[in-house]
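Below: the structure, in structure tokens.
A, B, C and D are the chain letters, set down in written order, and residue numbers restart from 1 in every chain.
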Amino acid sequence: MIIQLEKDIDKAFVDQIVDKLKSLGIKVTPVNTQQGNYLIGISGKGFDIREVGGLEGVRDVHRVSDDYKLVSKKWKVKPTEVDLGDGATIESGGLAIMTGPCSIESEEQVDSMIQHLVKNGVKIMRGGVYKPRSSPYSFRGLGIEGLKMWHEKAKANGIKIITEVMQVSQIEPMLPYVDIFQVGARNTQNFNLLDELGKVDKPVVIKRGISGTIDELLHSAEYVFSGGNEKLILCERGIRTYEKATRNTLDLNAIPVLKEKTHLPVISDPSHGIGIRKFVEPMALASIMAGADGIIYESHEVPQKAFSDGQQTLNYPDSDKLIKKMQATYALRKSLDLE
Amino acid sequence: MIIQLEKDIDKAFVDQIVDKLKSLGIKVTPVNTQQGNYLIGISGKGFDIREVGGLEGVRDVHRVSDDYKLVSKKWKVKPTEVDLGDGATIESGGLAIMTGPCSIESEEQVDSMIQHLVKNGVKIMRGGVYKPRSSPYSFRGLGIEGLKMWHEKAKANGIKIITEVMQVSQIEPMLPYVDIFQVGARNTQNFNLLDELGKVDKPVVIKRGISGTIDELLHSAEYVFSGGNEKLILCERGIRTYEKATRNTLDLNAIPVLKEKTHLPVISDPSHGIGIRKFVEPMALASIMAGADGIIYESHEVPQKAFSDGQQTLNYPDSDKLIKKMQATYALRKSLDLE
Amino acid sequence: MIIQLEKDIDKAFVDQIVDKLKSLGIKVTPVNTQQGNYLIGISGKGFDIREVGGLEGVRDVHRVSDDYKLVSKKWKVKPTEVDLGDGATIESGGLAIMTGPCSIESEEQVDSMIQHLVKNGVKIMRGGVYKPRSSPYSFRGLGIEGLKMWHEKAKANGIKIITEVMQVSQIEPMLPYVDIFQVGARNTQNFNLLDELGKVDKPVVIKRGISGTIDELLHSAEYVFSGGNEKLILCERGIRTYEKATRNTLDLNAIPVLKEKTHLPVISDPSHGIGIRKFVEPMALASIMAGADGIIYESHEVPQKAFSDGQQTLNYPDSDKLIKKMQATYALRKSLDLE
Amino acid sequence: MIIQLEKDIDKAFVDQIVDKLKSLGIKVTPVNTQQGNYLIGISGKGFDIREVGGLEGVRDVHRVSDDYKLVSKKWKVKPTEVDLGDGATIESGGLAIMTGPCSIESEEQVDSMIQHLVKNGVKIMRGGVYKPRSSPYSFRGLGIEGLKMWHEKAKANGIKIITEVMQVSQIEPMLPYVDIFQVGARNTQNFNLLDELGKVDKPVVIKRGISGTIDELLHSAEYVFSGGNEKLILCERGIRTYEKATRNTLDLNAIPVLKEKTHLPVISDPSHGIGIRKFVEPMALASIMAGADGIIYESHEVPQKAFSDGQQTLNYPDSDKLIKKMQATYALRKSLDLE
């Protein structure tokens, strides 16, 4: 059960409601986000909803039968829109395009990529400064100094930054320089990291776990939302299966299923989803027809020289073409009135 | 190695070539299909291709490094087109639409479905008369009598029939009444069935195994082709993974990967691929953008009353809409010059 | 519901019972096996079991809530024992050892293997004469002539033969020469083959499908049993997962789970289960402690020269040692009173 | 390449060696653990090993072709022994038994469990004070206060504590009260946590990831070892597959494979591996025959009342019996001279 409270509710009223709920045998978790105040009630037994609905300060009461609550579409039919400013948004029914290199490597690389984005009207740049690597002897990213350099250049060009945060202690130093925090596939169930990202007023993209279920992804989102942060986006990026002809198995089924279950935007990452450069284009377009609200893919001036993920990275001419084709596909989707 | 022989080659010349190959330490399998005569040579060692290429009766010699040979794109760049007559074709770069019920149930049902197809200009009807069922106590289909009834009605309306064949002994009785034999996901590696379908001059759709790899699907196609039947189509229908929110995981990655590896057409079955009625539409459209040459999906006048698979079956109004949207999506794909 | 009939029941009484059941809205399938006569009743609704139990000719009535019926432990607590004659049995709580080459290759090979078996007191020899191969250009076995040669030698030495049957048309010619038919992992859901094996009075080992569930394996067994053949054994042989360090993932969890659900014996195939010669021993012993009623593994005089599966095949000295260790492990299991 | 340095090597000599390596085009990572000093060299090209081996202060040089280096058996044939003091060890070829509840719940529970351990001569107690939970509304453990209470009681009875650490900031406060840090299956690739555990002089058990490969587990261990901590143990705990009859698929194949690849001890967790109480016993015994150096399983005075994982938890009488059977199985394994 989700109890939406009045925006300016008095603390005394909150206490009254909590007491009332407890007396009904309901376990209560208060949630205060940027956009509202809620009480989440978990109850084993049924009870008369009117006993709560009529209380002073209660705006609305919703029964939510899903195990996740705040991210469920059952109480919030209106889809969530994440506004990044400067005209950049990620929203249900839209098409947010995000591209950039796997790793931030140098000033020259960032300059070149920003030009590519500006030329194509793309407003969000991806790139890693902290890289999760299976071997401790691999390149692990430029770190916070790389992020500052990138931020300065991006800001000057109205470009928003999405980048991966790997641990709690990175959140605070990264905060001023990041527009969207990305939780990587290996951290989807790093619950402490999710808890802390709930306290931050910056959007968060949560990638589906390497072999995460759709349900687990929604529960991970519930962690961030119940921590206080409603600015959430989910990302399908391929799952681990027995098939080894591709890096991962992009599970496009997950897109319509997620959009049925949650009010959060859902994007797709075809680069990791298939892992082979020449097939990124069809999988990006397929993602759009499956209902994705955005596409995040890897590009680089010279993919062969990229520090990481070169085999799945597009060069600029291919990226130019892909952007045009994605826009045409999106235009078709809108005209067909899908979703 | 594939040695293409002249169409009207004399048997004596063939023997000469085979002797030559054996003397070079090459294991030879002769293959005679509706469309040509080949010798497949498997050799552990290298040798000078000119020793073979210059022989009388040899049209061309192709090195094929793939384990599968005849279905590989490495020797046959021109894609295979399967012509069913009456204007019905399945071909690379096309969009063949096939629909119908899971099971053929009655004359009334067939009449109604044929009307639905004719109205929409769809030329190929799917339906099962032999049903693979995990429980021996379930309905197993109307059998050969059902097929005859269906065939009579379909033929009268210029509709082609695709239906599943489950075992060798069914091939001969089914042959006069079937336009496309379908090999189901549980029979993808039923090698005896594949062998026998190689001897038949009717097109064959091979579905990917329940947890079959892309490579295994190509090898299964090699069985039919090397048995003598070039009229082959491959079908992605979802694979078994840990994710249980959907019936299967439709692996759209497989579509561009297969189309890179083989000259055979590749179609998609979104009904089995996701298993939930309302999500068949986005997955069908996504399949088209991923490059599918055809879509096969389940429809029924009253899905709730279908003998099987009702939960993933579209009713006629939804099927009407889907057909229009698929055609619009296909038109976009052609205009974008994908593939 | 399973209705056990009296052994010598009159046909008129059977008809009476069937009529009664139909009048109660129950779908009836009569099953006549080597060991008894049954009626399987499938009903959507509840009814008073006494209405059936009191009828003339009814020995017992069992409610079975599982979807599979005759193979369930819910009605038949006493485990099934498969007696092959000459002192060879496969039974719950026992340890049946079966070994031999992947493929039957030559008279010399069979002679040598039989000596190895006799020396170790092993009574069942495995070997393939029809080989399922993913490529049509691979060796497919010696066929029926190989089987006859093998049978003559085995019989002379009191050795029983287990070998794979791949299709319906092979059953009849193989019948006189086979002691146990094996259904391979690619045929676990070849329902026509299962149906036909139900009509045969020879034991059948059903291997779990390449990515088959435990439940599907039980359903496949139900096919054979309901076809008329109670002499059934189930075999865990590894499943397909994302892990590629081993050929398959031997799912030993399946052994106690199966033994809880069914009265049929359950054996393990560590050779295919791990696919690496030096690890066959620990996995065989682990299988015994997990509760396996038998072990089937591959051995060969010179594994490096085997036509197939050499990398997972033991030589004779290693096989000698394994047999002794399996016997010691089995003795411990019995002394611990497991199961 | 691993260069073992003399224990008391002078810093100047180290610099000399590093310079020499760099001049050969080798990337060098210095590693200083509790037990030795090493330089890890990664080189794309070959070179003459004698150029390094002869340098002052170099004890030995090992070529290691695996991607992981320090945890490989290729350089360190002698297995690692982890000594916890008070006679508790975890070592290759041994049998370390660890049991306890899923969650630490109360003083009474800890007292009761310690009695159970003492009675059975078990020296290591498991239990969670920080619980990873997929829902933010579930019980998340007693935290540091619970750990202190537990530690006091355990210490007084000579019992060692193994408990999960979920994030970097927990390490320092937990350090005085923990004997073995456990990295859970959701954190196997939490590289920051692994890095930090490398700096600690306490043993670490790393559980295999929920769908982690054997190779990834070894790489995760390499993180901790190269961070400075050699006291490492690996744990198989079941992987995620399509099979849903059990909680996970306990991959016992992984045990002999890991023991071939690494000098670290390998233990098994049958409780999570199968997830069903009555099947924990056979899977524990199977694990021992597969070569496990230890078993960790869940027990509780009243499993039905446990805060979490009750369905896979043994009560004391069953735990008593299991311990005896494990000891008997281990005695057999030793007598058979396995491994």
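In this section, contacts are C-beta pairs under 8 Å (C-beta built on N, C-alpha and C of every residue); 3 or more make two chains touch, one makes a residue touch a chain.
Not measured: the values here are computed from a predicted model.
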(request) Pick out the pair in C-D, A-D or A-C whose interface repeats that of A-B, meaning over half of the contact pairs match by residue number. (result) C-D
(request) Could you work out which chain's C-alpha centre is the most distant one from the centre of chain B? (result) D
(request) Report, in whole Å, the distance between the mean C-alpha point of chain C and the mean C-alpha point of chain D. (result) 39
(request) Determine the centre-to-centre distance between chain B and chain C, using the mean Cα coordinates as centres, and give it in whole Å. (result) 33
(message) Please tell me the distance, in whole Å, between the geometric centres of chain B and chain D computed from their C-alpha atoms.
(response) 50
(request) Check each residue of chain C and list the ones that touch at least two other chains. (result) 211, 240-242, 244
(message) Could you list, by residue number, the parts of chain D that touch chain C in their complex?
(response) 211, 213-215, 239, 241-246, 249-257, 260, 273-274, 276, 278-279, 281-283, 285-291, 325, 328-329, 332, 335-336, 338
(request) Quick one: which bits of chain A touch chain D in the complex? Just the residue numbers, please. (result) 27, 29, 40, 42, 67-69, 132-137, 166-169, 186-187, 189-193, 195, 209-211, 216, 219-220, 222-223, 226-227, 240
(message) If we count contacts the way the header does, which residues on chain D are in touch with chain B in the complex?
(response) 211, 240-242, 244
